[in-house]
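Both complexes below contain chain A, partnered by chain B and then by chain C.
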Partner chain A sequence: MVVSSDLIIQVMIWGLYAGCIYILLATGLNLIFGVMKIVNFAHGELLMLGAYITFTFYAVSGFNPYVLLAASLPILILIGVIIERTCFRPILGTGKLNEIFISIGLIYIIQNAAAMIWSDEWRTIHSPFEHITLKIFGVNLPLDYLIIVITTISILIILFLFMQRTRLGKAMRATSQNRKGAMLMGINVERMDMLAFGIGAGLAGAAGTLWVVSGQVFNPYMGSIPAVKAFAIVIIGGLGSIPGAIIGGLIYGIAENFAILTLGGAWKDAISFIILILVLIVRPTGIFGESAE
Partner chain B sequence: MIDMNKTLGIGSKRARLLGVILLLLLAVTLPLIFGMNLYLLTVLVLMVIFIIYASSWNFLTYTGQGSLGHAAFFGLGGYASAIVASASGLSPYITIFIGGGMAALVGLFIGIICVRLKEWFLAMVTFGFAIIIQTLMVSQFADISGGWDGIAAPRLVPSSIPNYQLIEYYSIVLIAVFVILLFYFILKSKIGLAFAAIRENEIEARAAGIDPVKYRLFAFLVSAYFSGVAGALEIHNLGYITPEIFGVDISFWPIIYSISGGLGTLAGPIVGTIFITFIWDGLQSFGLTYLRFVIIGLLLVLIIIFLPKGLISLPDKIKGYLGKRQKKVQ
Partner chain C sequence: MKRTLGILFIVFISLVLIAGCTEEKPPGEELKIGVVASMTGSASTTGKDIWQSAELAADEINADGGVYVADLGKKVPIRLVQGDDESTREGGQKAVSRMITQDNVDILVGGFSSAVVSAHQQIVAEHKVPYIITGASTPIITRRTDVDTTYMFHHAPTCDDSGSQIILFLDDTVRPAINSQYNFSADRPLRLAILYQDSPYGKGHQTAIKNTITNSSLNIEIVAEEAFKMGESDYRTVLTSIKNTDPDVIYVTAFLNEQIPIETQAMRDIGLNKIFTAVEPNDDPDFYKGVGTYGDYSIVQSRFSPYTVPKGPTEAAYNKFVTDFDKKYGGFPGMMGVATYEGVYIAAKAVEDAGTLNKTAVRDALATIRMPQMVENMQDQTISFSPDCRESKFELTMEQLYWDESAKETRPKIVWPEGLKETSFVLPEWYEPGQD
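Showing the complex of A and B:
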């Protein structure tokens, strides 16, 4: 096989696009982990719900699906808050395995409830730009990919400004740095938990919407694999580190697409875990994580 | 002091003995009472196989470990046993233990990586291995594994023998009893004490001269071995094996069974498997498909929140609740 520089740039673009989805998921997971010190393994199910809610709006109204993101986001945030309040708060501090187990319960509930509501057949959303491809320096760049990258960057900038400039964002950062200290300073840490989970769910929902608008087919079981990959990215980037999540997400997206090119499509899912295992053998706390315990 | 009752089950000694006798009696007589009811027998066989599988998964939790990818061992045991049995013509009664050995061999390799990792990392890596092994089976090893189509496996007892299903059932029950007795004796021995010490406080265990890595690896090996045996039993019972066996569902079932029964107890996985199987097949007879998954999921969430020690702690909990009410009345 001839590997030309054009092909490499093309794969990089695919990787960048896949990386955006992973970054949104991983950032949400990291935000939740930072504040609550729990891992939500059912994060992929929120991605799936985001996709389906946008799909429903799209089927009803026929608007541009990118615009509908603004409508499905608040619903996802609300779902996130409800999940935090009913499932994760009662088990907070009861052992790390419990959150994994409760996530398994959530995965079963959400996946199959979605299958009952929307049936389990494969669905698609057609982007109004699906036939527009920009040609830059001899490589094909679908317009959808460009919109997704820009949307992801804007979401991350808004999140950054929220965390750095607003009182609420500062309170959230304080909670993730020192929960007891934040409590003593009069911060309602339980409200911060709800907020973090809500934002995390919103980011997952945005990832789901962008994923399906770009032409991916989806069904109620589509969320699990992207979610475990996002979790692997979180581990590689270091638990609780948002810059780590962004860099990890990019590396991941690109590595995955190169693996498909060289090893074949069957390795798409397995390669991510091979990367994860290699990283954990060398550095048991992740690349950017100082200490996970 | 480590309370042995806690590691072996809850309730008085007499109650436990009574429970065991009752369970064995039911296991032996149930197929005889209902005659040759094929549906009941199929459900019972699968249930007993999953009791072995869930107990093996649960064996890991004694050392404070967990796994989200036990389907890797379940499936490897099945594949190895099926391939050896059809290539050599040996009886599946022998090859299931070879299948377990294959699972343990891979388990050793995975274990060496995993025993040093904690909670989430361990969960992810075990989950990943199940996917990696599935990928290998359908790509690199497709020639011997049959790819996505899978391969046929000889039955445990040839169907030419009369009442072969009944013979299969009783031999699987016998293996289950043997496995659980073995776990009982391991946990009662010094090894069990070391497990508890590592689970409760690893640093203190180290100070007392217990090597956590050694014991964790041992638990991983034993768990992988008997998961492999359970997988081999299942595929010789079904008669074929496909890579679907490495799926997420097969990894999650033993977790659901063990949690709903009670983690870290011998009785937990048994009670949990029986309870969930009953609900599962009951819901199926009502014609529910997706809803039964939702109900199982809800049940799991409720048990984790309200009964963190599982169903086997329910009698104690009711007793405690009634005792409190009586005090109030007085």
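Showing the complex of A and C:
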């Protein structure tokens, strides 16, 4: 097979696009872990809920599905807040095993609830821009992917500004860096937990909307594969590090696409985990990770 | 007041007990069929189709008086026992074990997914219960040697059947069409790319393709073989690799949640203007809805289509089954449903042929059964099981999809085999053949 420069650019673009959805998912996971120090195994299910909320609003209103980010994001923030208040807050600090089993239990509860509400058939919606493909520097780029990349960047910039410039963001970062210290400084850390879980869930909801508009199919059980990839990205980038999630997501997306091109589709997941192992050998805390608090 | 409530409670309990007593007949007074179906979990849509179709068949047979058992000298009703495999291997083992040891079923029907079925075959083998498997497609199911499969009968097209018929269609219909339309030499081989799920199912098709080409000496050159992980959603890079090999046709072995993004991404993102073939599980209303305009002119294999009925001897039975199912449950039963519907009839016929509920005799009757095809087209228009691997042989059709403006979706027309075809296969204007 001839590997031309055009082909390499094309594959990088596919990797970049794939990385966007992983980045949103992994950033949310990292935010939750950073502040609360819990690993939410049901994070993929929040993406699935985002997909279904987009689907439902699209079916009811017929709006442009990108506009429906304005619905999926706040609804998932609200769902995240409810999950944090009812499921995680009561058991926070009672042992890692409790947290793990709560989040595993949530996987089944959310999946079954979604199957009950929407049935478990595969669903799709069609983006209004699905037939528009741009040719940029000899590379085919569907307009949908360009919008997805721009949307992801926008969301990340807003998140960055929120974390860096607002009091709430600074309080969240302080809680993430030193929970006890933050408490002593008068920060309501429980409020920060709620906020972090809400924003994390909202990012997963946004990833769900982007998943749907990119023409992907979904059913109540589709969340597990993206979640596994998001976990791998979080470990590559470093637990609790948002820049790590972004860089990890890009590395993951591009590496798996190059693995398919050079080694074949069966190597897609393997190559990503080889990178994960190499990163852990060289830097056990991940690329941007820091030693435990 | 308390006394009245007490009397009502006693009456209620009595009614429940009476109802319980009358529901189950003594052993030998009914034919107990265990239906292995995924009533919960990821395959529950298919599982419900399987259960409801079995129920429809049992109701029809019971309305006709039941199944005649010569030993008893009378007809006995069918009682279905539901075994929910929970869409998992472990769930299947529990359900089958319970149906055999506690419910004492006479025969088993159903079983979805090769992985789930293969996990509970050992239990069936140990208890020697006849099992008509209607929802697994790996031929290994009745060919494996590590488990005694002699009580198991496979009533579903295997990867071998499905793969060989697609390849025969490509060789005798698509290859000549391309060579003729583009003025290629008549003996130019068809350039075939294979994109398959990295699973026993996908690999089964890959093997069937190669065996058919070799055994039938077909003029087909395989230019690409690419695998993808089950449940994958991003196919752009693998499709880019395939595009570089310049094929005429892309044979895809995938489920509909994979087939939809494959065809969409191939046409939209990669500009792969080729003919795609999809294997038979994709002939489903959700596929047509999901693939949209990108399915136009693609090929879908079929055994029980939601939108087209093969003209001929099965047409009336097809219409009756689909109408009755829709009337009773609403919706379309699906191909696993129809195979299970037939499976219950096959079980009833085997018991009648055996003249007894004895499991060994019923197994022997299944081995030699010959009954007219019902809803699905069978080879020789007969349902029977091959003596070596106990597989029934289906007559599969190939459909080409065409955009239907009124439905805003594509709709299929049968283009193969010759005896059942509704229209001829065509190459679309946008089609780009591989190199000469």
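Everything that follows uses one rule, which is that the second predicted complex is superposed on the first by the 271 of 293 C-alpha atoms of A that agree within 3 Å, B and C clash if a C-alpha of one lies under 4 Å from a C-alpha of the other, contacts with A are read in each partner's own complex, and residues count from 1 in each chain.
Going forward, a residue touches a chain if its C-beta (ideal position, glycine included) is under 8 Å from a C-beta of that chain, and two chains touch if they have at least 3 such contacts.
Since the model is a prediction, treat every value here as computed from it, not as a measurement.
Of the two partner chains placed by superposition, A:6 touches none, neither chain B nor chain C. After overlaying the two complexes on the shared chain, residue contacts for A:106 are found with chain B alone; chain C is out of touch.
Using the contact criterion defined above for the overlaid structures, shared-chain residue A:274 touches chain B, although it does not reach chain C. When the two complexes are overlaid on their common chain A, residue A:264 makes contact with chain B and with chain C alike. By the document's definition of touching, of the two partners only chain C reaches A:219; chain B does not. With both structures placed on the common chain, the touch criterion links A:142 to chain C but leaves chain B unconnected.
Of the two partner chains, chain C is the only one that A:121 touches; chain B does not reach it. In the overlay built on the shared chain, the residue A:133 is in contact with chain C alone; chain B does not reach it.
Overlap of the chain B and chain C interfaces on chain A: residues 115, 120, 264, 266, 269. Those residues of chain B that touch chain A in the complex are listed here as 61, 66, 68, 113, 116-121, 123-125, 127-129, 131-132, 134-136, 138-139, 248, 252, 255-256, 259, 263, 290-291, 293-294, 296-301, 304-305, 308.
Of all residues in chain C, only 42, 44-45, 198, 226-229, 231-234, 236-238, 240-241, 244-245, 256-257, 260-261, 264-265, 268-271, 286, 289-290, 292-293 touch chain A in the complex they form. By the touch criterion given at the top, residues 1-2, 7, 10-11, 14, 18, 115, 119-124, 126, 130-131, 133, 140, 142, 145, 215-217, 219, 221-222, 225, 257-258, 260-261, 264-266, 268-269 of chain A touch chain C in their complex.
Here chain A touches chain B in the complex through residues 39, 41, 87, 90-91, 94, 96-98, 100-102, 104-109, 111-113, 115-116, 120, 224, 228, 231-232, 235, 239, 264, 266-267, 269-270, 272-274, 276-277, 280-281, 284, 292-293, going by the rule given at the top.
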